[in-house]
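Some notes on the structure that comes next.
Going in written order, the chains are labelled A, B and C, and every chain counts its residues from 1.
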Amino acid sequence: MNVYLLQVVNGVGIGMLYFLLAVGLSIIFGLLRFVNFAHGAFYLLGAYFCFQAVAWGLSFWLALVLVPLAVALLAWAAERILLRRIYDKPHEFHILITVGVALVLQEAVILVWGPLGDNVATPAPFQGVVMWGSFIYPKYRLFVIGFTAVFALFLWWVLEGTRLGSAVRAGSESTEMVAMLGINVFRVFGLVFALGAGTAALAGALAAPIRGVDPFMGLEALGVAFVIVVVGGMGSFGGALAGGLLIGIVQSVMSSLWPEGARLMIYVAMAAVLLLRPHGLLGRG
Amino acid sequence: MPALRDNSGLLLALAVVLLLPLLLQSGTLATEVLVYALAVLGCNLLLGYTGLLSFGQGVFFGMGSYAVGILLTRAGMPLMAAVLLSIVIGAGVAALIGWFAIRQRGTYFVMLTLAFAQMFYFLAYSLPGWTGGDNGLLGIPRPPLSLGGLASVPLDTPWRFYSFVAVVFLLTFWLLHRVTTSVFGRTLLAIRENEARARAVGYDTRLFKLAVFAISGAVTALAGALHAMMTGIAPLSNIEYHTSEMILVMTVIGGTGNLFASLLGAAFYVLAADWLSTLWPRWLLLLGLLLIGVSLFMHKGLWGVGQGLWQWATGRVRAGRPAVREQSL
Amino acid sequence: MSPATTMATSPRPGADQDVASAGAMQPLLDARGVVKRYGKFTALNGVDLRVMPGTVHSVIGPNGAGKTTLFHTLTGTVPVSAGRIVFNGQDITREPDNVRVRRGIARSFQVTSLFGNLSVRENLRLAVQGAHPSGAFDMWHAPGRRAGIDALVDTILERLGLHARGAEAAGALSHGQQRRLEVGMALAARPRAIFLDEPTSGMGVDDLDGMKALIRGLATDHTVLLIEHNMNIVMDISDTITVMQQGRVLVEGAPAAIRDDPRVRAAYLGNMITGGQR
């Protein structure tokens, strides 16, 4: 019983990170109708930038703020310089250009930091475990759950309460209408793309102390992000949350039973959703 | 001369096939070009001719490798029988995946192929009894080719194997040329152009998509089978995302909607990889940049660049000519 | 014998029937209680439509009345939410659009939907072949082997007045020419019933007369269902007019009756309905 409880809590922890990873991809799809294959690369950059910042002696907290901003800036530049030119082209080229960007970023990471990967030390205040009776759990993972929950609320507020958020939500319905209302649609696209990349980078930075950094974590993350976005519903904030938690918990519980099966199952779930209910649990498509 | 024009793709392919042994020292490298060219042809059929962007080509490539590996080592089949059966298996798996995947369109279709690709990868990983798991299948032989029981042609050296693969490649190229210029091929182009219209004039577009999936799977599995015999192994990486990604990259870089372009794309990638990877291990970064460049400026890939240069050099202008003639290669 | 030539020589059933006795015949198309819902929005709320063979049956109504949606359900472009559609004695309610083509139903689209990058000839060849789609699975032979198909394409090109433009890309044609090609795509299937959705939409005055003559010419060989806003054409050539409003049939009858009907006037907000002077 205790083992499963542990796995469920683990699952929630993983699930919150998954949510953070997926919500950006989901929003980008909802507004730009764009499948961003570079999303995993932003996660990768977030992890490595965090690793480097800490290696330079920066405080982890400062890194947690600066790293997502840095990656968001990079993404914003990429959208302006590259992506904006191909919105009107067939969707193959949207996909292929982001595949190209992902490839460039991944190789750049290996160029700078080498192919082998590294560890990131858990920040000082969260080292060690909490003990509640017989329940033992790493402090850092609890922090991650708490932090991402707070960040989720912040993101929710941005999407529901600000003008940017309204523009995003309206734009998901109809970009023509939004343009006619005088809102610079392209500026919104750029900001959304940056926001999506920033959240992915934040997820990467948070994940780094848990699973270390390696150049291929981006590809792995991309696959999982796709599953969550599909299962939760493309373009849906709530869907990313529900999907993230669901996949996180299922994967965590199954990993103690049949590890390879866990990975297989999530893709079976993805295929099933795409076939039976393509808009996912909560999505509008 | 219309006959020359209509078959110019095949003639160009023949020229390349004859040129490779003169330009390259390694028979294995030359074979690799043709093997991947077959895989790219399979991908091009889907993307260039039917408008289907599939991230699952690695599944068929891997299945072809596994199939021929198992048939040659455990069933002790002769060469041609094993290869032909691998082709059939590839077509079957593609029909299965295609049957599901074509139920959705556009982005949902792409993500479905991705989901299936990942599923098959983890399936292959979990069944080491069949696939050798992480290690893959090893010790795949290269039996001699028996010609109707009269003669037995050994394929042991790299250049002998290249000759065999070259014949297979040209034969496949010719068959695909017939398919793409046939009534069926023209219908595929129409489906890619405007699927709703194709349905409205009476075509069961799902059936056509399923058929082209099966053909693509067959050709890609053939490539996988030849690859396995070339290297002697059927690794797990053949069925990995990276393989599917690279096949797509080769297809787009070469140029879609034109069969010879597939050979161009494969040759470019394989030779660049071989040459550049010794100079700079991070050569994939350049490939990524090229992919970005192609997406922005060179939608018709290397073939389009070549075509543009040829038109500029010969001073011909092709304004107003409809695309259906362009596909005749 | 190529299917195209056999179809060209066989007489069209009902084509030379007297209009007066049309009422005694079975309707070619009998749609009862057609409902179409998109989520919470009901586009069609129980529409009955009976079309007699050999007639020109127009569907008119203000924007949003559901005319195009009705066509979509009749041609199989979208499935119905409820109702029954019988064509030529067969229940085709569950059949998708590509199957209905073989039944003898072909359509043009309100928003031009052609194979833009393919030549005009190729567009028509595809449409002709589409009526016999099993032939399109030929993976060995290039098109052009069946002379019947080429001849039929030529005939249609002549009829559309596009013979000189056969080799051009469909997307390169003028708007008026594209609208004519839209009609041609439906003609190519040699259908029993031809559905034209606002064929004259966006056309200039010069092209209008040509289109009107084309549609009038169709009536001899086909049963024509027509959605049109151009009342000149509707009143001139229709045998029956169905007026729709907000997903229902408002009234149905001969042109003269429709023109004078107060309900129709009210539906169109008092706009004059002119035409009908043969």
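Keep in mind that, in the parts below, a residue touches a chain if its C-beta (ideal position, glycine included) is under 8 Å from a C-beta of that chain, and two chains touch if they have at least 3 such contacts.
Every value quoted in this text rests on a predicted model; they were computed, and no experiment measured them.
**Q** Quick one: most central chain, C-alpha centroids?
**A** Minimum centroid-to-centroid distance belongs to B.
**Q** Starting from the Cα centroid of chain C, hunt down the chain whose centroid lies farthest away.
**A** Following the centroid criterion, the farthest chain would be A.
**Q** Using mean C-alpha positions as chain centres, tell me how far chain B is from chain C in Å, no decimals.
**A** Each chain's C-alpha centroid was found; their separation is 43 Å.
**Q** Indicate the whole-number Å distance between the mean C-alpha point of chain A and the mean C-alpha point of chain B.
**A** The separation of the two C-alpha centroids amounts to 33 Å.
**Q** Starting from the mean Cα coordinates of chain A and chain C, work out the distance between those two points in Å.
**A** So the centroids are 50 Å from each other.
**Q** Where on chain A is chain B touching in the complex?
**A** Chain A residues touching chain B: 29, 33, 35, 82, 85-86, 89, 91-93, 95-97, 99-104, 106-108, 110-111, 219, 223, 226-227, 230, 260-261, 263-264, 267-268, 270-271, 274-275, 278.
**Q** Show me the residue ranges of chain B that touch chain C in the complex, using the header's touch definition.
**A** Counting only chain B, the residues touching chain C are 178-179, 181-187, 189-190, 193-194, 196-205, 208, 211, 320-324.
**Q** Name, in rising order, each residue of chain C that touches chain B in their complex.
**A** Checking each residue of chain C against chain B gives 75, 77, 96-99, 101-102, 106-107, 109, 113-119, 122, 125-127, 129-131, 133, 135-143, 167-170, 172, 185, 188-189.
**Q** What residues on chain B touch chain A, complex-wise?
**A** Contact set of chain B toward chain A: 47, 53, 100, 103-104, 106-108, 110-112, 114-116, 118-119, 122-123, 125-126, 241, 245, 248-249, 252, 282, 284-285, 287-292, 294-296, 299.
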